[in-house]
Structures are given as structure tokens and as C-alpha cells.
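Next come two complexes, and both contain subunit A; in the first it sits with subunit B, in the second with subunit C.
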Partner chain A sequence: MKKKGLALLIGAALMAASLAGCGGKNTDADDTAKADKTAGSDAGDSSAVSTPADNASDGDVVELEFWGWWSSEARKPHIESMVKGFNESQSKYHVTYVDIPFGDIFTKNIAQITAGKPCDIMANNMEEVRFRASQGQVEALDPFLTDDVKGAFYEQYLEACTGEDGSIYALPLSVDTRAIYYNKAHFEEAGINPEDIQTWADLEEAAIRLDQKNGDTWERIGFIPVLGNGGVDTWVINANSGYGWFDENFEPKVNTDVNKEAFRWIRAQIDRYGQTKYDELSAVFANGMQDPFASGVMSMLVQTSAYPSSLRQNAPDLDYGVIPLPEFKEGTGHVANGGGFVLEIPKGAKNPEGSYEFIKYVTSRETQDFLSTNIGDFSARNDFDDSTEFMSNPLNQDLAKCLSETSTLVLPNEVKGYETVINPFIDEGTLGLSKTDDALDKAQKALEDYVKNN
Partner chain B sequence: MIRSRKNKIADIVLFVILAIGAIFILFPIAWMLSTALKSAPEVAMYPPKLLPEKLLFGNFAIAWGKAPFTRYTINTLIIVFFTIIGNVFVNSFVAYGFAKIDFAGKKLLFKVVLATMMIPGFVTLVPTYVIFSKLHWVDTYLPLIVPAFCGNAFHIFMMRQFYRTIPNELMEAARVDGAGHFYIWGRLMMPLVKPVMATVALISFKGAWSDFQGPLLYLSDKNKYTIQLGLQVFKGQGYTEWNYLMAVSFLSMIPILVLFFCFQNYFIEGMNVGGAVK
Partner chain C sequence: MFGKLLTRLGIRSRKGRETAYGYVFILPWLVGIVCFVLGPLVFSFITSFADYNMLTVDFIGLGNYKKMFFKDQLFWKSLGNTLVYSLLNVPLVTVGGVIVAVILNKSIWGLRTFRTIYYLPSIMVGVGTYFLWMLLLDPANGLVNTVLGLIGIKGPAWLTDPAWTKPAIILMHLWGLGGQMLLYLARLQSIPQDYYEAASLDGAGAFRKFTTITVPLLSPIIFYNLTIGIIGAFQVFQEGYIFSGDGTGKPAGSLLFYNLHLWNQAFKNFKTGYANAMCWFLFAIVMILTVCNQKISRKWVYYEEGDNDD
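This part shows the complex of A and B:
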């Protein structure tokens, strides 16, 4: 009797959990139920997205799920508006936006592809499109692409979306670059014209003029090149006019004379403030909470083109501007490294044609202008010029100039993960544990071995 | 007199060491609370300050309102409740078998159970997902609850050790009276192993309450999200709302603290399997 009672209790518990988990909806086997997942309803904006009832009567409506990671108030409402715009622009498909935490979204995506039930449209990083294509994780867009769509993007970004088999596997959603953000008040006080900073030597000179030290205490830091979003690779790519640790044939070129000179220069900038100060600031940026530039403690900082959204929150009154990364030597170019995000169709998606229709809509000029104006991201479209609302902002115009000299070097799959091989040696140089020349020599040897073994 | 003075000094030294240890342990929580009470520009301020210039208690209400956290809390409690039920009763029953019933291959089977602890969770992540997907359990709570009813090696081990401290004579007397194993487990043993059951319940609560990866992997419907998934609303692509994130994180920590303080005697007794009932 007691046995039966316990079995009944466990059974009832499972049943209740199952019912609670389903929440009155069907499982993912029933596609129409997915429309219930409208994120807009959570935000209390029921009018923002079409309701399932709108489409329930239309048997031809295909439900599609779009995965991204934009859950903040600054982005999510605009993404939802964009999705709503697509849903209202046609009657064949109904897209639902699902936001999943950045980083973890990729694990979930892989699991779903393996299970054969992926989402329909996925935002992903641009740098690894080629890798995902080689692993069979994404659908080729070739059957749907037309010349006018292909011709609407800058070549370098479309190239990044192209697999080693020549097929296009994604379309660019947004792109970014790196620039130097400077504090206008500090520049004015030090009598520096930002346009005069054209070379690394100019940058160093400006940093020295901006520095302020009281006894042994640094009260203001002019510039440290490898803080914020700048790394040794940022400056090596700049010095090599777009190529970093590899040459144009993707042969390892870590310990070249140019790279050694560049790393020695970086080391000299760190040494001006001392290893302890650099370590302290490096830890501050690593924790992600404090921002010495927003606090007025640093006068210049390398950051991505997405940085203004952070400054709007952290330092709404800060008067700042941007300049491109200076040239290593006159004529080598103001090259910065950048990347971006793409939209792609995970392998096994149930309706690739519908997914593509959504991707085409999002990457259209009109939608890109809407996203840029409201979110602040840059578009990879080549017809995205000054006539757009977004580009009427002077800061965006300056960032766009940096974007025009941005390198989005996509390396072959054979060298994927090379950073884990060379970064420990590069860190030895920035942490002062070994001489920069020695660090690069060791990194060269390690990278050669890595390439050989792959 | 000298001895008493020595004892006093030893007590003071011990107190100072413990106080320093407590400060180290409590500092992250103090920092979390301090961040929760600051404005965004103050959070970003460098050098940072521990005490906010102005205490913004309203941050807690604002943060709680940024997503349906009440619903997320209820969802989490549903998962936690059934996970505890599964872990406490199923593991207790299995542990009883390993501790008190002799059967062929018991030692080998127990070793196999323990060996499952050596398998990293990440290795089984995708295959497990595929199984649940084929069962159409994705986007329900079943993948988060049902495994708790399938046994957990660590809990089984802990409970078995506790059962072994209970004299067999008790069980044998019941057997003479005609009691079956189910009766003995349910009526005789359960009251005696309360401390270890409370320990398993507390560990299960903490595990299910703080679980991020499981809900992330299996839940897509925002209405079913747990509190840990909900916290992600504060993390943007280029910016994190630290003050709000810390406010809700602080609130989400409170149930674990309350439960621990309520059941700390059981918990300590349960963990101390060597010194349990003799």
C-alpha cells in the first residue's frame, strides 16, 4: 500500500513537472506553438510582434525562429521591431526572436544541429564562417543569392562569408573596427590637435604630453597601446598593412624585423608607466566593470566601434572623439583589425528559403539603416553612405573612416586556434617576463610546429 | 592562572584569524551589494570605491522589473522542488541497497556507479541533448528534472556511507518481524538518515537553483526561463548593466543563504559521515 503511495507520488510529481514545463504549449515538434515565444510579450509590448492568433488562421504561414544574443534594453526592442517589420512585410513566414546569452548560444546551436532540430536563422561571428562551413554546420546560400544581393556588400566581408569550396554561407549583419578614442578636454589642455597624430611616433609624443605624474603616482595616463580592445596583434596588423602573424601565403611570420620593432615600441610605452601600473590597469579592463577612460584617468584608448554605447551609460557627459590608428611609418596605412557578425542558416533548418528571405530583409539597406541608427552598429553594405540617418552623426563618420581601412583577415581552417599557441609567448613580452624579441622568436617556433602538425 | 591567560591569547589569535578569513570570504558579497547600490557611472569609476556616494536602493526594484523575475523565480522553484524530491528519495533508496543488501556483483556495480563521477559533463552534453530531443522533451522542464530521478553517484556514495554507520541489527530485527526492504527503508532508515537527506536536499537545491547550462540548453521559451537565465538580460553586446545584474544576483543568493542557516546543523552532521549515528 505504502509502495503504491510512493510510486503514485513520484508519478504525480513527474506529471506535474511535465505539465508545468510545457506551460500549456506543445513541444518543439509543433512548430506553430513557437509563435507563443514572442519576446515582445515579455516586454509588455504585445503590439510589437504579430501574435500567433494573427497567423493561426493561415495554414501556409511558416514559423521561423531567429536566434541572437541581444537581450539588453538598448538593443532588444529594436531587434524585435525589425522582426515585426519583416512579419508585416509578407504573409508567408512568421519569425520569432529568441535571445540567448552570448558565448553559450554557440554551444546550444551545435547541440541542436547535432540533434537535427536547429533554429532557422542564427547570428554568428564573421571570423569563423569558413570553419563552420567546413564542419557542415551551415547551409549554403547559393541557391537563393542573386547578383544584386551579392554585389551590395564590400568584397572583403563577402569573402569572409565564403567557404573554402567557394560557396557563400552567410551574409554580413554588422561589422566593427578599432579606433583610438580620445578625451577632448585633455587634448585641449595639452594643446594637441588630434589630426596631428599620424604616425606611431606622433602618438607617443602626444601620450607623453598628456601624462600627468604626482611624485610616484600617475594621475593621468596618456596612452597604453595594449589596453581596452587593443592587443599586440592590433599593432602588428597595423604595422604590416593588414597582415599580422602570417604573410599573404599564410606562412608564419611572427619574428620579422617589423614585428620585433613594433613589439619593442609597445614595450617602451608600457615601461614609461612601469609594469605595476600596466598590470593594474590591465586587470581593471579585464574585470569589465571599471573604465579608466570614462573616468578621465586615461586620455586615449583603443576600442571598437561599439564603445560609444558603453560611454553613453558610463560617462554621459564625457566629451570625446575618435582618430584612426596612426601609421607605423609614413605610408604604411592606418590599418585596424576588425570583425563582425553574420546571419546564417544552421544545417538542417526546416525551411532554408524562408530563413533566407529573413536574412535578405535584415541585410537590406533600409533595415541596416534602421539597425545602425538605433543600435549603433556599422553595416557592411557598399551603398551605406552619408545619405543614411546613421552616417549624419559626425562620430559615426569618423568611425566609418576607420572602417574603410579595416582588415578582416580570415585565416584558413588549418591554422584555426593558433592564438592559443602564440599568445602565451606574447604575454611573456607584455608582462615583462622575457624580452620582446625572444618572445617573438619562441612564438615563431611554436607557430611553425603548430602549422606543420596541422 | 598562566594557563587561563594562555587560553585567552589563543582564543584572541583564533578570533583574529577567523575574522580575517571571514572578511576575505564576505568581501565579494559586500562588493556585490555595493555595486548593486551604485549608479552606472559610479560603477565604471576608476579608481573604484567600496561605499557608494548615494545608496540607490531603487536599483533592486528597477532591476527586478527589467524582466519577469517573479515568473523566473517560480519556474526555478518548480525545477528545484522536483530535483530535490528525485535526488533525496531515489539516491537514498539506491544507497540503502548498496549499504544494507548483499547481492552478487554489488562491489563491481558500486564501482561502476562511482566511475560515472569521472566522466566530464561536457562530454555527455551533446549526446544527452540528442536523446532528450528525440524524446521531444526539449523546451520542457523534463530534461532538467528527470535526471534527478535516475541517481547521482556522489549523493549515492554519501548516503551509502551514512547508512553504513547504522547498525545492521536494527534491520535484521525488522526482517525477523517480516518487514520487506521497502518497509525498512521507508519506516526505519529514513528517520535515521535525516541529516544526510537534508544535506543532499541542500546540495540539490543549490545545484538546481544556480544551474545555468541546463536551462540554457533545454529552454527556449522565455516564459519557462529560470532566474539564472533571466540574469542575462543585463548583459549587452558592448555593455553590461552591472548594478542591476548585481542587484538581482544578490537577491537570487538569499534563498540559498536562508536555507543553509536553517539547516546548517543537519548539513554539518550529514557531511560528517564518519561521526554519524553509531
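This part shows the complex of A and C:
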């Protein structure tokens, strides 16, 4: 018994020693080394880390980490150039860009915040800034923000970055919208003027003229509204001039007459081609190996404003244009749903002042023009006019018109996650498993229950 | 040096020293389990009674459990999806593994090649495999439907028709049964041929030999695979997460598995306390099934050493 006790004692002592060995003093130098190591391991290779500037070894330079998920050749070099530009623009801070896969970055971010060692600047989505603020995950920018910075963004985007307490928690990095991309050759062949597509009825008429069928085989698909980046919610938001499944008081309004009519119209567009064709195309978009619009199989497609950068790579010779989403009925507006990305300071970041300096630099007009020109994203800045290099491109001007009618409705925190409750019912309507009216009735009931339970 | 330390501590007997060395050898594992398993386990259990969002803790008693059983509209749906998947997947993969192993235990031409072909998928893991299967299951141009078309069957829309999403995942798992097959094969190779010869002399046919010699002698491995398979089936996550694209379990919620719903609660809605409660309920289910499996195993698992009653 005595020996057993001793053995346990030795074990405990060794365990304590091992744990002590795992710890150690937490110096700034350690932190820097750790940051570099993390960057390399997270990104999978050392090239994920931007080259430290010469002044990085200077004791006065504050090291900052910027987390994003852009790792492709189309984006990462420009992000790194931007970071380099900031590092060279001043001598107080040195930022390191760390790219972490999109599927991991958000869980890693919250884990780091919980551990009290977050990164210094985090890229994140715009729709949930308010939610993250309410959860205490982000630092308010109010102590650093000046009126000229606040005044440089369109109100709706700054509003999306504002918490329920009225504080601003992020600044917009980029914004997007949805538009209909059309194949110019197909339009010319069918004798369609894109400007004539003003309402849903016009869109349907154009789609029918664009359709080509050989026997039982569809050779060309004019338009299916819920493929690409369009969902039933896209059309419902359009039909309701900016409001989707909720009204202006955030009461569930899923099975309204307008929504039922909209969903029936969507269903009719799918039925024209048949469920099998829709399933086939849906699977093609899901596996991402082909793009039926790029290959000329589809004449029109709903996509985001970031789509041109994909087309540049996949179909550089494709001649295409964009039109706004048409109006449900005359006068209801060409409204599209959109969102964007922001830069924010995770809660507990050690140098919020330095983090803000970087955010200010990235969201400045010059840097936004650099990013837009090279990456193709749109800026939320209100001084981002035709004089910028990016906006001198006619296609971008057309997309900017769509952006001006984009809804960035931020829902209350209480209904967070409602999509998982109603989407299965909406899917039933889209897949033809139940009538669209019934699907919306069931979704309405589910959403009411969800709101009540939350 | 360590020996001197033990002497100084009064541990001189051989048995005492061996015990001390034993503890030293298992120390890394002990540190690991205390710090990285037991600690989080206890923390998870405590916070399952709290409104916990990874940053703040507010204890609410049994609130999370009540919500789970009576208010969460997706809880029962996700549990149902997981149960259906488990009920189909575990028996099919187990039986499939045994059949393939028995076939590959015969002396046939190209045996090694076939064994390699069957085992290869089980070492191909990761997200890439799922994307590969998305292509194979493409309703119009996928290999699976093309092959079905050759025999006159019009293949379904595997991943877009809610009725076919679970069979699609099971098909993918059947492709990867090489891991199980290997364990069965190892056991099959150790069964003495004398048993089969004796049975033949007694007039037993192939099926009789399979059911009375092969299956009983394979039963400990089948039992092991069944236990691991049930635990694994209840933890199904990646398939739903990747095939549904946005994590909502589409189409029509057919891929909303228990763990995907749990993950959404923890990392999308930051209801981590609630997610922890879901974890513990899942633990209870798996524990009960494992204990039942263990009890029932005494009736059908055959141990040559005769330790069925342990």
C-alpha cells in the first residue's frame, strides 16, 4: 500500500514537472516566434506568411497578425501586397498575413478569443457583426473612429457594422450584390434587348425565347431562378422590396400572398425544364466542376458581383453582360440581397490601436481601389466613384447600379439560425415534393415556433 | 539515476520498482487524458447546465436539456436522420466487410491486386474523397448512374433527392469497407484448415461451414467492428457538412445529422452550453447501445479461450 502510494506520488510529481515544462514565461519574443510558427503551420506552408519587413527586428515595432482565408493565386498575392504596403507606410506596426482555410478560420477565431490570445485583425462576414458584438467576441472601434472615417461609408453598410448598443464594431472590407449575368451571343441570336427585361414576366418571356430543345433533350437553358447564387430567398426579398421572410417589425411573414405568388413563379420556371433537368444542373453547381453559364449551356444566371473574377479564369473569351434583378411587379424595385466582409478586432486583442490603424489603411480609398482593381470586389465607400480605376470598367459600373439597390437587412440576434428551420420546407417546394403554397405554410409555422422558443 | 531516486524513496523491491516504472511509462498518456480529455469532459458536463457561449457562463439548471427534448424543432429530426443512417449503414458495412473478406480469402487469380484495390479506399480519407463522390454520384454524368444506365436502370439524383442522400452516403461507405475487411481477413487466415476438413468429412456444405465455423470464429472481430461502427455512425458529420454545402443539411434537411446540428449550435449560433448538453445525450445513447451490445454479445460472440462469461 505504502509503495503504491509512493509510486502514485512519483507519478504526480513527474506529471507536475511535465506540465511546468509545457508552460514558461510568456515574453514578447516568445509570442512573435509563436505567431510565426502558427502562421506556417496553419497555412500549411511557410509561403503563407508575408515576408517581414526589415524593421521587424526593431524592438519598438509591434507585431500584429491579420487572419483571412484568401489563399488562391488570384487573391493572396494582392492581399500580401496590401499588407506590405501598410508595413512600409509606417514604422510602428508590422502586420503578418495568416491564411487559414474558410472551413476552419471561424472556429479557430472563437477558440483563440476564448483562450485570450486572439489574432489582432480578423476578416469576417458583415451579416453577423451585430451578433458577434452581442456575444462579446469583438472590440468596439468607437475609441478610434473619427467622423471622416465613419462618413466615408454608405450608411446601410455602417449600420450593418453597428451593434445593438450603437457602437461600431467593424469596418466594411468589401460588399457584394446579386445580378443576372447574360450571354450576349445568345441574346443577340434570340433578338433580345437586355434593357427590355424589367419585370419577372419579361424575364420569363426572354428565358422561353432563349430555350433550345432537341427532341427530349434540352440543349440550352434560358433561365432557372434558383441556380447559381440565387435562392428562393433572393426572389422573395426582391418581391418584397428588401424584406424577406420577415416584415419590417421582424415578424415572420413567410406565407404571404406575395411570397406564395413568387414561389409559384419559381416553381413554374423549374417545371418548364422538368425536375430531372433541375436536379442535374443543381448537382453540377454543387460539385463545382463545371459552370453551365461559362460553357454556354445556360443563357442567364443569378450570381454575385464577385462572379467576373471566376469567369476571367474559367471562360476568358465569354462575352457577357449584367442586368439587375427585374421587378416583381412594376414599381416594386430591382432589389437584390447582398452582404459583404468586414475587418474587426477580436475581443482581447493586445494592440487594438495598431489593429485599427491597419483596418483604417485597408478601408482607405486608395487601398480599396487597389483591392477592387486586382481582386474584383466592390467597396462600401461612398467616395468610390467613376474616377477610380476599378469603376472605369463598364461592367463594374453596371454591377454598381445593382449594388445601389441591394438590401443588407440585418436580422435581430434572436432569430439567428432560423434558416435551418425553414429551409427544409422551402426545399420541399423547390424539389417538387410538396406544393409551394403548402411548403410556405409549413415554413411559416416552423418560423413562428422558432421565434417563440428563442 | 531514477533507480537511485527510487532507492532513496524506499522502493527497493522488484515489484515496487516495476510499478514505479510502469507509472513513468504511462505518464504521457496520463497527462494527456487528464489535461486534454478529462478536463474538457468535466467542463463540458458542467457547462451543459449553463447558457454558455464560450465567453460567458450563466447557469440555467436543466434548461438546455428541456429545450433539447421539448423545444428544439431540429433535435428529433437530426436524431431521426442519424438513427436511420446508423440502422442502414452499420449492418450493410459489417456484412459487406465479411463477404468481401471471405471472397478475398480464397485462392483466386490476382488475389493481391484485388486485396489492394479493396483496401485502397480506406486510406483515401479527407474532404477530397467527398468531392470525388460528388462527381461519381452526379445524376447526369456520374460514373454510378452511367453504370446503372448500362443495365437499364435510370439512376436517381443521389445528392439532390432527399430520399436518396442517405443511401448515397452508405454507398460511399461501402466503397471504403477495406479497413474492416482487412481485420476479418487477418482472422480468417488464422482459422485452422483442419476445422473445414473435418466439417467436410462430416458432410457439411459450403454454407454450413460458413455459418458454423467461419462466422463464430469471426464473431469477436464482428463484435469489435459493430461496436466501433455504431459509435462512428452516431458521430456522422462530415458527410452532411460537405454534401449539404451550407451546413443546413439540405436537401430538405435530409443530411442534418445529429452532430451537424450540434456543430451548428456550437459554432454558428454559439449556443455552446446547449451543444454540450446535446453531446452528453449522444454519449448516453452510445453508452447504452454499447452496454446492450456487450450484454447481447455473450449470446453470439465465440471466444476460443472460453471467456464469454467475463
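In the analysis below, the second predicted complex is superposed on the first by the 400 of 454 C-alpha atoms of A that agree within 3 Å, B and C clash if a C-alpha of one lies under 4 Å from a C-alpha of the other, contacts with A are read in each partner's own complex, and residues count from 1 in each chain.
The rule is simple: a contact is a pair of C-beta atoms (placed from the backbone, for glycine too) under 8 Å apart; a residue touches a chain by one contact, two chains touch by 3 or more.
Predicted model, so just to flag it, every value in this text is computed and none were measured.
In the superposition on chain A, A:136 makes contact with subunit C only, not with subunit B.
Applying the stated contact rule after C-alpha superposition, one finds that A:428 touches subunit C and leaves subunit B untouched. By the touch criterion defined above, A:284 reaches both subunit B and subunit C.
With both complexes superposed, B is the one of subunit B and subunit C in contact with more subunit A residues.
When the two complexes are overlaid on their common chain A, residue A:453 makes contact with subunit C while staying clear of subunit B. In the superposition on chain A, no contact is made by A:261 with either subunit B or subunit C. Using the contact criterion defined above for the overlaid structures, shared-chain residue A:438 touches neither subunit B nor subunit C, since it reaches no partner. With both structures placed on the common chain, the touch criterion links A:419 to subunit C but leaves subunit B unconnected. Using the contact criterion defined above for the overlaid structures, shared-chain residue A:114 touches subunit B and also reaches subunit C. Touch criterion not met for A:233: it reaches neither subunit B nor subunit C. In the superposition on chain A, the residues of subunit A touched by subunit B in one structure and by subunit C in the other are 2-3, 6, 10, 14, 18, 107, 110-111, 114, 284, 288-289.
Residue ranges of subunit C in contact with subunit A, taken from their complex: 6, 9-11, 13, 15-16, 19-20, 22-24, 27-28, 30-31, 34-35, 53-56, 67, 71-74, 77, 131, 134-135, 137-140, 157-162, 245, 248-253, 256, 261, 264-265, 267-270. Residues of subunit B touching subunit A in their complex: 35, 40-41, 43-48, 66-68, 78-79, 82, 85-86, 89, 125-126, 129-130, 133-134, 136-142, 144-146, 149, 182-183, 186, 212-213, 216-217, 220-224, 229, 232-242.
In the complex of the two chains, the subunit A residues touching subunit C come out as 2-4, 6-8, 10-11, 14-15, 18-19, 106-107, 110-111, 113-114, 135-137, 276, 279-280, 282-284, 286-289, 347, 416-417, 419-421, 423-425, 427-428, 431, 433, 446, 449-450, 453. Those residues of subunit A that touch subunit B in the complex are listed here as 2-3, 6, 10, 13-14, 16-18, 20-23, 25, 27-29, 36-37, 39, 42, 65, 69-75, 98-102, 104, 107-108, 110-112, 114-117, 284, 288-292, 294-295, 297, 304, 306-307, 309-310, 313-316.
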